[in-house]
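I've put the structures underneath this note.
What follows is chain A paired twice: with chain B in the first complex and chain C in the second.
This part shows the complex of A and B:
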């Protein structure tokens, strides 16, 4: 069943789903959940619409946090920067938005647009550009569809504001990232201004529904309901690749990203070792140096006992977890996807690995 | 005599003066001279006005190249980026400019606004914010007067465009500099949008006249006219501190700046050694490790035989030169000047040295 309205009560399942789709990154949705819940309680429910509900030329603007998840966890959003970024971009374009859309349904950027939509009295679009989290602005199905990321705005909570128009979405990422490094690594960004017609053609539809449904299934698992784990895996076409314990964790925040390498030993006592390479998000999982799950498919870590999705910044030595591989949205299956978000896009000399069917 | 109109014929003296006021930096005005001459030949003479010639609320916009002089010398401006930057800022402000003003009369940013004014059919203001060159955006008398550098625009020749609004002029510098490092280190910037009333109150007046007059005096010296050198020194309150030969030259382009250290041996055979520290511009001159000229006063190097002003990027091992100290514009003499453009502002643990009277 699709979503038509979001109230404070819907936030919990969305948050669980968003944490999973964050594939370790996307920022811990916990803070965004508090922000979204507060906004919905204050301003009332937000209407959830599809692109087809709007006139084709209606203006759609996105909102997101840009930065490093490790920083976002400590530098809590002030709140004002998000409406500031949207209003700055709408002023720049000379057109008011008819709806707010998430760029990524995955991580805190799933819930944050809901709070901004509530504050601005706008509906939120049930669509996005990733249906997972990715670390860079250009890594969207919009880029594959030829939609420019600019004009875009970046705002901080102090009153600093940037607007960029660029010749490529890679340059948009470069300019926004270098600005954000100067502005504290946790800022608001509004980009990919699109008409509703462009959203209908290029976006991943029903992402919020997908996210909430995944969240609900995982909540059933967490409540230990009979058959819930198998149902979760089969309904999402996912597979459990490993059950392991974190034995090493190398974490560094460089070039505006939270990078790390995770090493897991097999919980069942075999000699198998899993290694996961992370750049904000989990990007490649190896078993004994053989890649088994690769971006753009999702690598999700879940606590072995509670089935809580684990984020990059929360993972610690000794954590026991399930490592699940989940196929990315079918909208990614088109020309240019590997150059944009495959292993090579992140500098790994690793071939893409198909998900087992 | 003040200037009321600039034609292609006036450019030569202005160029000589601008090179001297560049104090080694500000970009070699040679290229800007070609650009300005071509624009004046194509579009006709440019009117030179004072702030008092405009209604007090008239919009004044600046234009300049931002980057590293060493790069600017090799990455020649396309031309289009300058009008693009001005138009982008005027669109952002929602008000067309009534005049173009240089930010710095010193280096190529003296002549470049003349070309842009010619292309846009606008007058140029006989005023600026430095009456010399400085390496950073916030280093203006405007900052001392509390005028914000933003909103400001940065454009490249390819179609990339940034607009910044910042909470301080230091942050304006930081954001523009990091963007420019990504955009090729030689870009167009329009900043310090002001009303004519603000220009009248805060700018250094008659800078273009000063620059042209200095240029003419130096041309007399170059033609070996009787008493011209002494007249140049006395009319500018300048002093020759050293006659030396460049015996060492350490040059590096880091953090978006051209930095170097010059070592000169006394031409007259004494043991005295002069060292000059450079960050785009010549900032501090030492004789035997004692500072003798310090920023914001001007340290100008002139070829020993031809009296051509020498730029940082043109100086070479073996050059023989006069080192002249010239007092900065009196508008700098106010509270906050040392923190903004004194030796400490550039990280030197050196006290300001008064010019000899």
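This part shows the complex of A and C:
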């Protein structure tokens, strides 16, 4: 039996893991942590199931927050926008959901589906479409698998909602963004409706427990437990590429994205310089102008002393950090991945770099 | 009217243990300084410190007095003297997924939180109303709060820093309903963007109003008792000034002024604008860095008494290394700290006839410490132990300094505090180690030299108005606010500009935060 339960106690570890998988972006999971904790305290623990626990034709619906992280800090979720979005899509499809699934296990959107599942009395499906943070709806393994993002629903806390039919996942992104600008930039979205059979075939399996487990491993590292750091690196197939100090931080606002460049000097005194290019998330890391880690692999910064994962917003001059490269979920390794989420998808003229084995 | 620049100033720092006062002339030179014990009633300690520092001085030449105090901070840490507060959040139908006071420690919730209500009101990012303000709900909450024994109400509306009108109307309605029975704290006067953190800060602010009024009353009474007819100011978290009247209403903005005053005071006493400051006490060493005369601020959320706020505080690193740190040498090798005899070093250390080997004894044996203890009592210490211990200390201080540095460029380091003798004279990447005189009153000196400020935190649309124009607008607005707070327009300067792009917000939305600072006119 694969069914486990998530309780308020797991939220802390999930939050640490979600910050790491946010790879610098994804929105600060702190508010989501409070939302999830309140929902679990009110409605009790949530069952965590896998796609195989459901009949293949069971309806699975996703939920996520969509808007602007800076707006969400002021416009805290009501909770009802998420259940409204799920119910609207379920009504449109004429199928009641058997489970709620995250699409983005990384950042803010990791924990919100747990709150929605608790509120609706549904299990949460232990899978997602990214297992890291990405900035756009179409940037999922579902797109690679040919799963349409539509029909999808977008709802606010006041009762406004829309259901969209879309011709491509890029169009789903465009339409959803257009709607949320009118709806206050802190909204709920339910997209990629799938059957349990489709989830089993296309989704990244076990991503919530993966997130909780890396959170737990990092918490062990933070408590200075013997061998915890090596265990974290080996269990996640990660490598530490650099130990450096932030010496320059250039934030630019060329278009809708928070673009920035981080420059790190080697902590151990060599002349090596690391540069990290950021668009919401950390996308490419160079050592002395040679790319060493590229999207869709994860570039994670951790505080050198406390091993707290660092978000781009929290980074300041002088921060000392470990730069860790973590391979993306293996489900990303299929045709079309580079065009969708590789360096070229973000406008960089840089070739994808394999992670060292 | 005489030019106030030619007049003298008094700075007072009320710490947990001591109250320090310093009198300076128009050139910043210290004319007299004094340390007295801190008292429970702020009035007594401040009055005594003022009397002592003015001994033999002409009080009529003093034009200003600046106070930095830990009274409000201690009230929160000790959960004492805090008022019960009614809480209104203007945000419905949004925000119900996170209750008021979520993630607060239970003990402070019990003391501070009275009736709370999340009601219709607040604004969207566009400035439109989320919902019309629910005036009946405001009246209900005000009456409930009075009935529950609350002395104040904290009001926080979504996006109130940009659209304060619902909060202002709420204050009027509460006043109409219950008169003076409730003091009111409005979130847009207290904090920046981030509703939950701003709400937390506003609740803490409201609960501190009785304490802050006692502090300000005590300060003004103590000034009058010493025949000082001067302008009275309190120092804020960022090292700039508020008038005493403003401070009585916004105590939460003064909570962290101590470390800021200490660092700014130490640097001013040493005559530098950029330096690492290492404050070594009995138990710990705290390091911070000053850039252009102001402490680098931490980017992490700051917790006050276990409650998360969005204040910016000086970025400090603390390590367990102080004058009272215990040194042990055994079969497993040398073990230093992190435990310490703390302030008892003056009776417990070997060099004063005590029984514990501390880092002060090591410093004395190594010839670094003068004026404390009897060198004969540590003459028998093993020379190898002493050099291994000083080697450990030097390594720790060197790592601490490097962690604080922003770049590879060498900077000076200021060593202050009772354990400053532990800081070696030569450190890699440090141009020089300075030990400013009068550093014992660095906090009070820092308060004395504080300037007026103004800041702007506003969301602009770069695509519509242009980036340069938006930043210029924010700079002008910040400078105007600084002048309004008393800064000299001739000498007002912009000390920080930060741009926080609002991802996904149309029109090139960008939050611009600008601070301007200038000396008092």
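The criterion applied here is as follows: the second predicted complex is superposed on the first by the 332 of 357 C-alpha atoms of A that agree within 3 Å, B and C clash if a C-alpha of one lies under 4 Å from a C-alpha of the other, contacts with A are read in each partner's own complex, and residues count from 1 in each chain.
One rule holds in what follows: a residue touches a chain if its C-beta (ideal position, glycine included) is under 8 Å from a C-beta of that chain, and two chains touch if they have at least 3 such contacts.
Just so it is clear, the structure is predicted and the values come from calculations on it, not from any experiment.
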Applying the document's definition of touch, where does A:352 land relative to chain B and chain C: first, second, both, or neither?
neither
Between chain B and chain C, whom does A:166 touch in the aligned arrangement: first, second, both, or neither?
first
Chain B versus chain C as contact partner of A:185, first or second or both or neither:
second
Please work out whether A:68 is in contact with chain B alone, chain C alone, both, or neither, and reply first, second, both or neither.
second
Using the touch criterion from the header, give the chain among chain B and chain C with more contacted residues in chain A.
C
Of the two partner chains, chain B (first) and chain C (second), which one does A:92 touch, if any: first, second, both, or neither?
first
Does chain B (first) or chain C (second) touch A:174, or do both, or does neither?
first
So, A:241: does it touch chain B (first), chain C (second), both, or neither?
neither
Considering only touches as defined above, state whether A:80 meets chain B (first), chain C (second), both or neither.
second
Where on chain A do chain B and chain C both make contact?
158, 181
Please name which positions on chain C make contact with chain A in the complex.
91, 93-99, 102-103, 124-126, 130-131, 158-159, 193-196, 289, 296, 298-301, 315, 403-408, 462, 467, 499-506, 508-511
Parts of chain B lying in touch with chain A, wherever the complex brings them together
92, 158-167, 171, 174-175, 178-179, 181-183
Chain A residues touching chain C - in the complex, by the definition given at the top
30-31, 34-35, 37-39, 67-71, 73-80, 115, 135, 157-158, 177, 180-181, 184-186, 247, 251-253, 255-259, 265, 280, 305, 313-318, 320
